[in-house]
């Protein structure tokens, strides 16, 4: 958990922004740019997981739920935009005369949809988090509960075929807020929005981590009960991190829809939720860039290795979990610090961990 | 609220039928170092648990006009009641400075939480001086020694500006000189605050207590000055030892041999 | 950033290059995840068909060079891989898919890039696309024959059991319409998620409903659980037989003797006696990693590649528009293991014979019923008056 | 019997002991301020941490790489600092745990119950619910059931009421009299030196003093340890 | 009558299978704090073991009784292997065991897909499990009764083992404080291995039962893992009694929901039920409290 000096992190985000927003569109094919857009969506969700899990100690294994809220809100809007005045085609067969389900109606409005993408996860995570944290549900319980929630939601969507498209999901969108999605220029625009949102999320957690709230969050992670005796309600501290991470997942989900062109319950269920965590673990759960880069790496692995060597990819993914967690609990982002530690051989000269050193400088400056 | 006293009246705590504290009353005032002693299992820690909201209790515990019982832990803390634990608990991953900064954060606005810290708060600097931890500013608390952690806990109470400090065996594991230093620190602190100490170190108690309450089996056995309490035959029997003064001396600076040993 | 080997070309126009002596084709099947248990075989038989065609001189004299992709039982992955095959690998056509969900994910992508997709599994119909060829049965070639068979046996009450997704739901919607016409009463309808095997609660309801027959649209491994619960409950083919549309020679062995005596509706069975079937069975049995039995979906996949060869050779070109034009120009046929199938150039489905098989002790199927010759494909059930015209219209409107 | 020679050890990159050699003797007291490395030394003796340099011999055998439970089997027992017990097990189960499979297990167990009446009283209570002092008594009782040849005690009287402190101190003297070797960390220097045949003073992980025990040593040690 | 008795009996059997799947978890999760997401794959291994036994012991009346101990040992050995190679390094990081074992599960699933016929293999039910028992007019499948009896036997054996044997005490001691246990003379390494062996072995037993209910294929384990964890959590960590009640309750709830609503909705409702329950009683049905702050 190396703590970089603030300006180093900030310029890192800058470099990342240039790479994503300027370099990538120039050098990548449409196909790979679109894939990169998809990885950005996962990365946005991963940044949130890094905040909740890496810093807050809440292993959210059901981030798919919030990913779904954003994704389905967006998909419903795009479906209606495509269908125009008609009832979406997939609904017709099961009950040709029934009108559009009531909860679809407001999603005709672009404004409502955007609002829903932001507010739905905040409300759901707020209520859920409040209930769980106040009752001091944590650790493995929290992880399993959130995972169960993701499974339940995925099953519910699968079984409500007329209302949600079921297992097949929603797809075949023609427009994105008035832009024709088939137009390569508009595809580029969608990509740029996703990439920019990722940068914004990184900036947000950057500020979180360097703030006092960031320290309080770590304190809550390590000794929740003790925080109580300092006059804070740890439930509130965790709630903030949880809600923010849910919001990020929702944003990731919302952008996933126009980029990938389809959303299904499988993207939000157990396996998908765990895959998001895999990226975060790979990159480094508590670091700033780790979660985003890890999620992108896993996405890329899936697209490329999963393509050339599908059986092998499953094994690699499995081994990735094992090797990273076992040997690099702080992810690949902890590698530089480890190498640095190896070079400085004598422990007597180096009694305090890197964290303390950085902290000291921060105080003195 | 400066000058308010802590008044505990008829405090009772039960654990599924077992009465751990059965109607205890005592009070503590600013300016004194109040000691709570008694045999293991007498209910001392449980009293503190109840006053700080960790355990449910009945009766009353008032700080000035505020009733503490029935409030949530963090609300009680915000009223100015701080405590330490029999086994020190600090945030291992955070440095001494970060630990103290969090403790000091209570009075900050939520918005300021979102900003990064700049420099060291004067109250933190002062607490570091008081507890002799100034040199450990950047040390992760997890690698402090047992005793240092206890000082850090006290320092956290200081920056928290607690009006009531409930200290559960604060000098356990400290060497003689460290105990002296801690005792003197408590005396300084007590000038403006209520300090209640649970301890088994009778030497320490004799040197620093202004008044003592003795608990036994969840009841107040005796109350008074150190001399009064020591002279109480009941206290001698259940706590200090039947030999009274003699056993107490075993804890003293120069002990008498308990029993000759043959090598 | 991302440093992948992009070819640099933009995806707008078709990048298919057949100037050399090979033609690139894409195979898209789930090789991992839940559907791999079914789709691996389809992938394998596609490889066999490609080898066969190559040994025979290829398509238009060009050897098939295939790119195998993994759909990973994930519909967005199907969409992504379709795009990749069309724009990165520049394949001339794609073969694969199993669940209707996977096909629905592929459809907008092949349409957007004007590619070709050959889909080999029986499905719920009500679809047609200029960019998709369907070599499995549509409803009037499997579901309706099955219903006709039930009517011929005097069935009065029917229980519907299916997996909870688009194919069973849609198939059952159609079954209910036709049952009303046939005077068959539906006495229950149950769905269980695709990935759940435990059918005990639902079978208890079947026991209580006492239907004459059970119409089974369950897919995948869940079928095993259904058959076991059925057998455990003491239901028997003698009193409460099942007719399935997704249990074939591949699936039946995993159910042991408990499935014996029940029925399935397919176009192809391994036991079918045609001129071409023995050779097909023999090649398959000899093929590496083969499961040893042939079945309807794999036969349809086998057809799909051969049909493509026939189409391209009739068009004299790999160009999508030319191929589609050739399909319309004159009937394209292929001498398939199920018999000589003919492509309908308008709706891109093929004619198929309807068969009902009964599972014997060897988990093979004895054919007990056959349709009157080949059934012309009718995905929108235009030839069936009991299918409401307004639904048909709304569906075609929504698609168009 | 226990020989600790020229030890270096620590936690991760932090070194807590530098070239520490502990004198041998029947009762050896380890003294020092907070954080001096006393607990680290005892953890090393029982095998919870491994030295990066130096030797640990027990009865002449090199046990540096032996797991703690193997050391217990060879006759060492350890009472850690901080009143540790198995909180989810009852008091009785805590004791049975060590009595199990021992020849005189039952008798030894009963002897300890007699020694610490509070344990008898709360035999069926979960140890996690005992008071701090009760837990400490339990920890000592557990150690004694194993009939150790060497008893390693880390501040055994910390948090114990005076009557029981006296009793524990008596017990320690008594055990030493029975020929059990003791490695003792104590803040009560008076008692520690009274009991000890030899002592060692640690400061910041270095040995600053060693010497013979006995009350006479107290003033020397106190002077050595003055802050 | 049927509308009540059928779901009740079916649900009890469903609960018994859930219990068998959860029992091993209650050991490895409840007692050792290891969140083994590959437990479902150990269950799968047990089912495949039953299939392999049937290739050798062809008398189907005998094969299942033989398969039960074999599956226990085979799955147990896989568990042991996992413990020795990976889990042993992770006892201080319980949440991380969850992620590591997700990886193990993925690998085992893929290996099974490649080793065995992808469609799965048949496991034949012994003839003596054919038939039904008539209970209040409902023809209750004998196989369900068998599941319940098997689960009962396993629970009884396990709880006696934990409660009354010194092994049990040692396991519980090791869970609570490894260092302390070690310095008390307990070989925590052997205790870990033994516990993990038994916990995984129980998954194998559950697998044999599952193979009589659904398909025996690479995907079968996945459907049990989340419900089994929910059952353990709802029962209260390390509380066998709670696990039993929770499993039964979830099974019966599933069955009643399935009877009154749909199979899919039943899954959703049962999950929601447990989640709401855990919200109300976060420590599960039965709780163990200690005074420590950690």
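The letters A, B, C, D and E name the chains in turn, as written, and every chain counts its residues from 1.
One rule holds for everything that comes next: a residue touches a chain if its C-beta (ideal position, glycine included) is under 8 Å from a C-beta of that chain, and two chains touch if they have at least 3 such contacts.
No experiment lies behind these values; they were computed from the predicted model shown.
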Interchain contact steps from subunit A to subunit E (minimum; 1 if touching): 1
Chain at maximum distance from subunit B, centres defined as averaged CA atoms: C
Comparison of A-B and C-E by number of C-beta pairs in contact, larger one: C-E
Inter-chain centre distance, subunit B versus subunit E - centres from mean C-alpha coordinates, in Å: 47
Subunit C and subunit E, separation of their C-alpha mean positions in angstrom: 37
Chain centre separation in whole Å, for subunit C relative to subunit B (CA means): 76
Separation of subunit B from subunit D, taking each centre as the mean of its C-alpha atoms, in whole Å: 27
Shared-contact residues (touching 2 or more other chains) in subunit D: 14, 129
Sequence positions of subunit E contacting 2 or more other chains: 110, 262, 264, 267, 292-294
Numbers and ranges of subunit A residues touching at least 2 other chains: 155, 158-159, 223, 225-226, 311, 314, 353
Residue ranges of subunit A touching subunit C (in the complex, touch as defined): 19-20, 23-24, 27-32, 34-36, 38-39, 83, 86-90, 92-94, 96, 155, 158-159, 161, 166-169, 171-172, 182, 184, 260-264, 266-267, 296, 300, 302-304, 306-307, 310-311, 313-314
Residues of subunit A defined as touching subunit B within the complex: 1, 6, 207-208, 210-213, 215-216, 218-219, 221-223, 225-233, 352-353, 355-357, 359-360, 363
Touch list for subunit E against partner subunit A, complex: 29, 33, 35, 86, 89-90, 93-96, 98-100, 102-107, 109-110, 114, 226, 229-230, 233, 262, 264-265, 267-268, 271-272, 274-275, 278-280, 282, 293-294
Residues on subunit B engaged by subunit D in the complex (per definition of touch): 15, 38-42, 45, 86-87, 143-148, 169, 172-179, 181, 200, 202, 238-242, 247-248, 250-255, 257-259, 261-263
Subunit E-facing residues of subunit D, complex: 46-48, 67-70, 72-73, 78, 80, 84-89, 93-94, 96-98, 100-101, 126, 128-129, 142, 146
